[in-house]
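Right after this note come the structures.
Presented sequentially are two complexes of chain A, the first with chain B as partner and the second with chain C.
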Partner chain A sequence: MPTWMVLAKGPVFLFVLTLALLGLLRLALLTTWDIAAAIRRAGFRQIPYRQVALQTISWLVPFGRLHRNRAGYSLASFGLHLSLLAVSFFLRNHLDILRANTGLTWMPFPKPALDALALAGILAATTMLFHRLYAAGSRRLSTPADYLLLLLILGLFVSGYLAGRAWNPIPYDGLMLFHTLGGMALVALVPFTKIAHCVLFPLIRLGTEAAWHLTPQGGSRVVQSLHGAQGRKL
Partner chain B sequence: MSQTTRNWIKDGLWAVVFAGLVASVIRFAGGLGAATGLNDSAPWGLWIAFKLVFVALAGGGFTLAAMVYIFRLERYRPILRRAILVALLGYGAFIVSLIFDLGLPWHIYMPVLNWQHHSVMFEIAWCVMLYFSVLVLEFSPAILEHHWFRRPPFGMLLRWLHRLTLPLIVAGIVLSTLHQSSLGSLFLIMPHRVHPLWYSPWLPYLFFTSAIAAGMTALIVEGFFVERWFGRGLDLDLLARLGKGAVLPLGLYLALRLGDLWLRGVLPRALDGSWQSILFLAEIVAGGFLPLVLFSLRKVRRSREGLLTGAGLVILGITSQRMSLSLFTMYRAEGTSYVPSLGETLIAFAIPAAAALLYLLFAETLPLFGKQAEGPGNEAPVVPSPGAAAFSIRDTWGRGIAARRSGFAVIVVALLLPVLSLKSQTPVSPVTAAVGWEVLEIDGNRSGYAVDFPHLEHQERLMNESTGESNCRECHHLDLPGDRATACSACHAEYYRPVSIFDHSFHRQALGGNDSCLECHDPEHTALTGTICRDCHEDMVPGEGQAAFSMAALSYKDALHGRCLGCHEREALAQSRPELVLCSTCHSLAGQSPVTFDD
Partner chain C sequence: MTTPSDTTTNTSLQPYPFHIEPSAVPDFDRRAEKFLAAFAAILDHSNYRFLVELYARVTARCGRCAASCQVYQASSDPRDVPCYRTGLLLDVYRQHLSDSGRWFNRLVSEDSLGSDKIDEMAELFYRCTACRRCSLDCPLGIDHGLIARLGRYVLSEAGIAPKGLVVSVREQLEGPTGNTSAIPLPALLDNLEFLQDEISETKAALVKFPVDQAGAEYIFFPAVSDYLMEADTLMGNAAVLHAAGISWTIGSQYFDGINYGLFYNDWVLERIIQKLVGEAHRLQARKILVGECGHAARSARQFVPAFANGQGLPVVSILELTWQALREGKLRLKKDAVTERVTYHDPCNIARSGWIVDQPRRLLCSFVGDFVEMQPHGRENYCCGGGGGLVSLDETYDFRMRVSGKLKAEQIQASGAQIVATPCANCKKQLRELVAYYKLPVQVVGVHDLVLRAIEL
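== the complex of A and B ==
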């Protein structure tokens, strides 16, 4: 069995999978804790949960929003998310690996559709990378981790796509070793990087909503705490 | 001790507990074989040894209860509640450990329904159940005095428990006396397994006296711990008196043990130079006589160093006695060994780690120190101990601790789950090919118990009468390319596990690298779209009704049993000869002739 297959079916994969799942669970629980504490401190009982849920869904399917600001970047971002999710979770080869490790599997997507999505993903990741590099605003906000993550995702898309092509000029086992190691690194990085938003996204929206509601009369109390009961003119 | 140090110690304990939880999943999902190094020749291992130590260290509970309530030694009352807590946790650890050790843990309630009056285990089970219940009742007032329970029903319950104190204490002393000694009785039924230097027909008395000594000295060590952890002053006088009190049971234990060995003429073996004799001497001298002398000298006993050293040595000595008896020196069958597995070791340490965390939780939350713990009838307001606030999970400190410990938990679980899962898989075991031709000597796993398979005889029996050709394919159901009557071991190459007979890398290289994918995989490049072998290898035609290539060849053991038993079952029915399907038909002992179809 080639090395990459040993890695993919061996304990290293189980390690990164457990790390990612439990790490995400931990983050979700801690974030929920923080939100609960924020809501309790705010003393605000009328959190608009329905509105938060609707807003979350609207951001998950942002067709109505893509054109509003930086349309190209927004479209690339949406395309990258879509292709990443589809290819990661619905490619038969990936599901075979998952089944070998955990016994779990589900219906795969057709290969031609995933090939097209992989190409879309390569295009989207490249677009986002260039946008980060050449748009001044994005460049200021970007950290090295942002570039490295995008490069890793791009590398995974390219290596995965090439591995299924007969005209692939790179030795298959070497390419698959890179793809396997890169994929496992990405899974392991999920709870430690911004990719954690895959689970935290709805919670963060709820937290943001809660944080914007201060306790009734909270401002006056702050003034009293800072300047005594008499207060003073500000 | 600084808060940071305390946090680090707690983090370490939590890490061990998390590791034990992962190992527990493997233990209960895969059974004892998957999680432990135990086997038929070593059915008792690390868990039993730890259990015996837990129970010994818990001996302070009934000892202090007897000293305070029966002998009226009131000076020991301030530490009585802590002694009961240590006993409760020790027995709790024993019970939890027992659940892991039972092959069918869900049958743990069976001694309640099925009374086996002659079984030592039955007596131990009942005594532990009852004594643990008594300990819970004895300790309950400490919980009910917490301000959370200052409500009418709990107050009434508390008053009732106070009234029941004396009967409970008496029950506790009787029960623990019974079962501490009956744990020693367990070893009386297997003298052939226990080393002579540790075996004694007086083991019940040895266990009882050593439990008193270990329990008292454990309370001395606990006193020093409380001083360091909680910053409480050390009541050196009280602990020194406890040390003096331990001289009697310790001296009695040593006298009984050495006296029995001397009377039975075994004592000279202590000087035979074997490692067991060295261990025995170290145990008796360093863990017995030395602390006996230290505790007997008033000046040494009243010094912090002398008291702690003496107590530590007693605990080490009695731990050594119990672990040597049940683990280190126990005889095992020739050629067999026992090494505790990683999972087994983690569980063994996770249980006391969890007990230690529970101790800290109780000690930081409940009124265990000072005057409010002195006894029934004292309804003084509860003063929370310094660490009480630490368990309020609403503040930032609690959130920080939760974040850190859950982070530890994630990393420990993620690291251990794959490592421990490996243990549960059958090890890689390459097959050794059969030797010979007329008679094949089949010993795939090199166990030395070969099956002598009459190959030529089977060939003749399977001869097709009309064509005069033997039906080799009846057994050789698939040949490798360019081969005829391929040996079983060529495809069924693993003794216990199915393995693939297809070399993907070789084929891809031979067919021209990546360009060749579509030659076998059409239209997708997945394992399920691979071309079957005979499309290219025309000679890889399976026999009639036989499987072609289906990704993996069965394990050698399954393949051979399946192949042989199919015919043997058919012939057994056809000839009304059930002996043809007996194991001994093929696996005959040396000197016996195997049963054949023609017999």
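== the complex of A and C ==
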């Protein structure tokens, strides 16, 4: 068995996957706990849950919003999310690996559809890279980690796509080793990078709302801890 | 022509686009240390820590929010991208106050926070008007208005806060007059008498401005500056309350709706709310009525329930009350009383961050013949450019005219309106300065100024 397959179907991948899932679970639980604690501490505890949920959902399915602002980038970002999810979770080869590791599997998407999505993913990631490099506001914001993540995802799409082509000019096993290691790195990074928004997204707007619910006497306690009992002048 | 940063007061003590009181920061060179101490204390005693942690973890730094910020749109300065500014505070948290950052600093680097970072934050947090428009367009829902406010809060606890806000708050909370405009009670009473006479002359009706009427349904708190500058707004308010037969009163011990705490400090915000509630209870009023003022209405509505120790009262805006009175048939407003073309500017605090969008429009449309909307409007409106307390800082004039208010001036011009109505003391001041600066043939008034023209008593 080639090295990449040993890695993919063996305990290393299972370890990485378990670590990522536990990391995400920890983040989701801690954040939920923090939000609940913030609401408990607040002087006024009514949260407009329905409104928060509607806003959150409207960004989960953001049709009608994307074109209004930085349309090219927004569509690319949405496309990248969509293709990444579809290809990661519905490619037959990926599902085979999952079954080998966990016994779990489900219906794969048809190969031609996933090929098209992979191409869309490549286009989207490239657009986003160029946007980061050349749009003034975005360049200033971007950190090395932002570029590295995009390059990693782009590399995974390209290597995965090439691996499935008869005309692939790169030695197959080498390409797949890169794809497997890169894929495992991405899975491992999920809880430690901004990709953690995959589980935290539903909590962000709720968290914002909770933080606006200030704690009574919070300001006085701050003054006291900084200046002691005598307080400070205005 | 000067640039916004030319307005900086360039002495070693005041490297900011706003004045600060030198006595507030006695050891100015240690401001970074003080900032960290203040930030740590605030995170320990508030509800912000988890949010800062959450934002620091998920922010995508995509730059999408830049396109919805009127400041960045006008300045094209990458430092005005909302996420860049927010990132400054999040970085301080990551590097100095989060568990991982503290370990990293201990083990790997000995990075200390530089004063230059503090100065950059002080400048940028006061270039944001805290209008929260950008949060509409962030896919993740990052609220830069909240972070700008938190940044200002930390700065203020480190001694760095605009003198224009601090001096007013000091007078309001500890000064002899107890209000931000330093109006002595006898002057207020004279003024009310004058307003009463004025209405009886123009409307031939006896409309009272009741003071210290115990047990009234509403206790009224306008932006106190209205008593000096907005006679028509106040007369419009009183005319409506009179016509609708509503019992109301002004409190002689406290009569200021302004709450600059909303712009920069939780401690101040809470103390002002307690004064408001205290006066309402002293006069046994059943509800708090806030005049035409965006931030006053929002701060009362949002924070009376939070800070009133279970003794909160319902908070109502004069706009919703007037609209309700009209709907119930208690007001007679002469149709087509206003023939000029009128547009409406939404104060961010009560539209995007509040509950007042349709009421004033319906009200205006009932007596304005030619009403037009600015684009965009409502919850997506552009800030007047003076929000977040900037309008009270004269030294930011150049910035407010050429940068933060530029899009609003263009919107007003494009609407072709002759009158801009807006129910907010701050917005009115900023818009009046804008129309003068851009030489627009437009009059800026309060909504109740126009109601006063239309009302039949």
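Basically, the second predicted complex is superposed on the first by the 214 of 234 C-alpha atoms of A that agree within 3 Å, B and C clash if a C-alpha of one lies under 4 Å from a C-alpha of the other, contacts with A are read in each partner's own complex, and residues count from 1 in each chain.
Note that in this section a contact is a pair of C-beta atoms (placed from the backbone, for glycine too) under 8 Å apart; a residue touches a chain by one contact, two chains touch by 3 or more.
What you see is a predicted model; the values in this text were computed from it and never measured.
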item	value
Superposition on chain A - do chain B and chain C clash or fit	fit
Contacts of A:Y172 with chain B and chain C, given as first, second, both or neither	first
More chain A residues in contact [chain B versus chain C]	C
Partner chain(s) touched by A:S159 [first = chain B, second = chain C, both, neither]	neither
Touched partner set for A:S83, first chain B, second chain C, both or neither	neither
Touched partner set for A:T180, first chain B, second chain C, both or neither	neither
Touched partner set for A:R221, first chain B, second chain C, both or neither	second
Vertex chain A; arms to chain B and chain C (CA centroids, nearest 10 degrees)	120
Partner chain(s) touched by A:D34 [first = chain B, second = chain C, both, neither]	both
Chain C versus chain B - closest C-alpha approach in the superposed model, Å	7
Chain B and chain C footprints on chain A, overlapping residues	34, 37
Touch list for chain A against partner chain B, complex	1-2, 10-12, 14-16, 18-19, 22-23, 26, 29-30, 33-34, 37, 92-93, 96, 111, 163-173, 191
Chain C to chain A touching residues, read off their complex	37-38, 41-42, 44-51, 53-55, 57-64, 66-68, 72, 76, 78-79, 81, 83-84, 87, 135, 137, 139-143, 146, 157, 166, 169-170, 173-174, 265-271, 302-303, 305-309, 312
For the chain B and chain A complex, residues of the former touching the latter	394, 399, 402-403, 406-407, 409-411, 413-415, 417-419, 421-422, 500, 504-505, 508, 513-518, 523-528
Residues of chain A touching chain C in the complex	27, 31, 34-35, 37-38, 41-44, 46, 55-56, 59, 62, 65, 68-70, 73-74, 77, 131, 135-143, 146, 194, 196-197, 200-201, 203-205, 207-208, 210-223, 225-226, 234
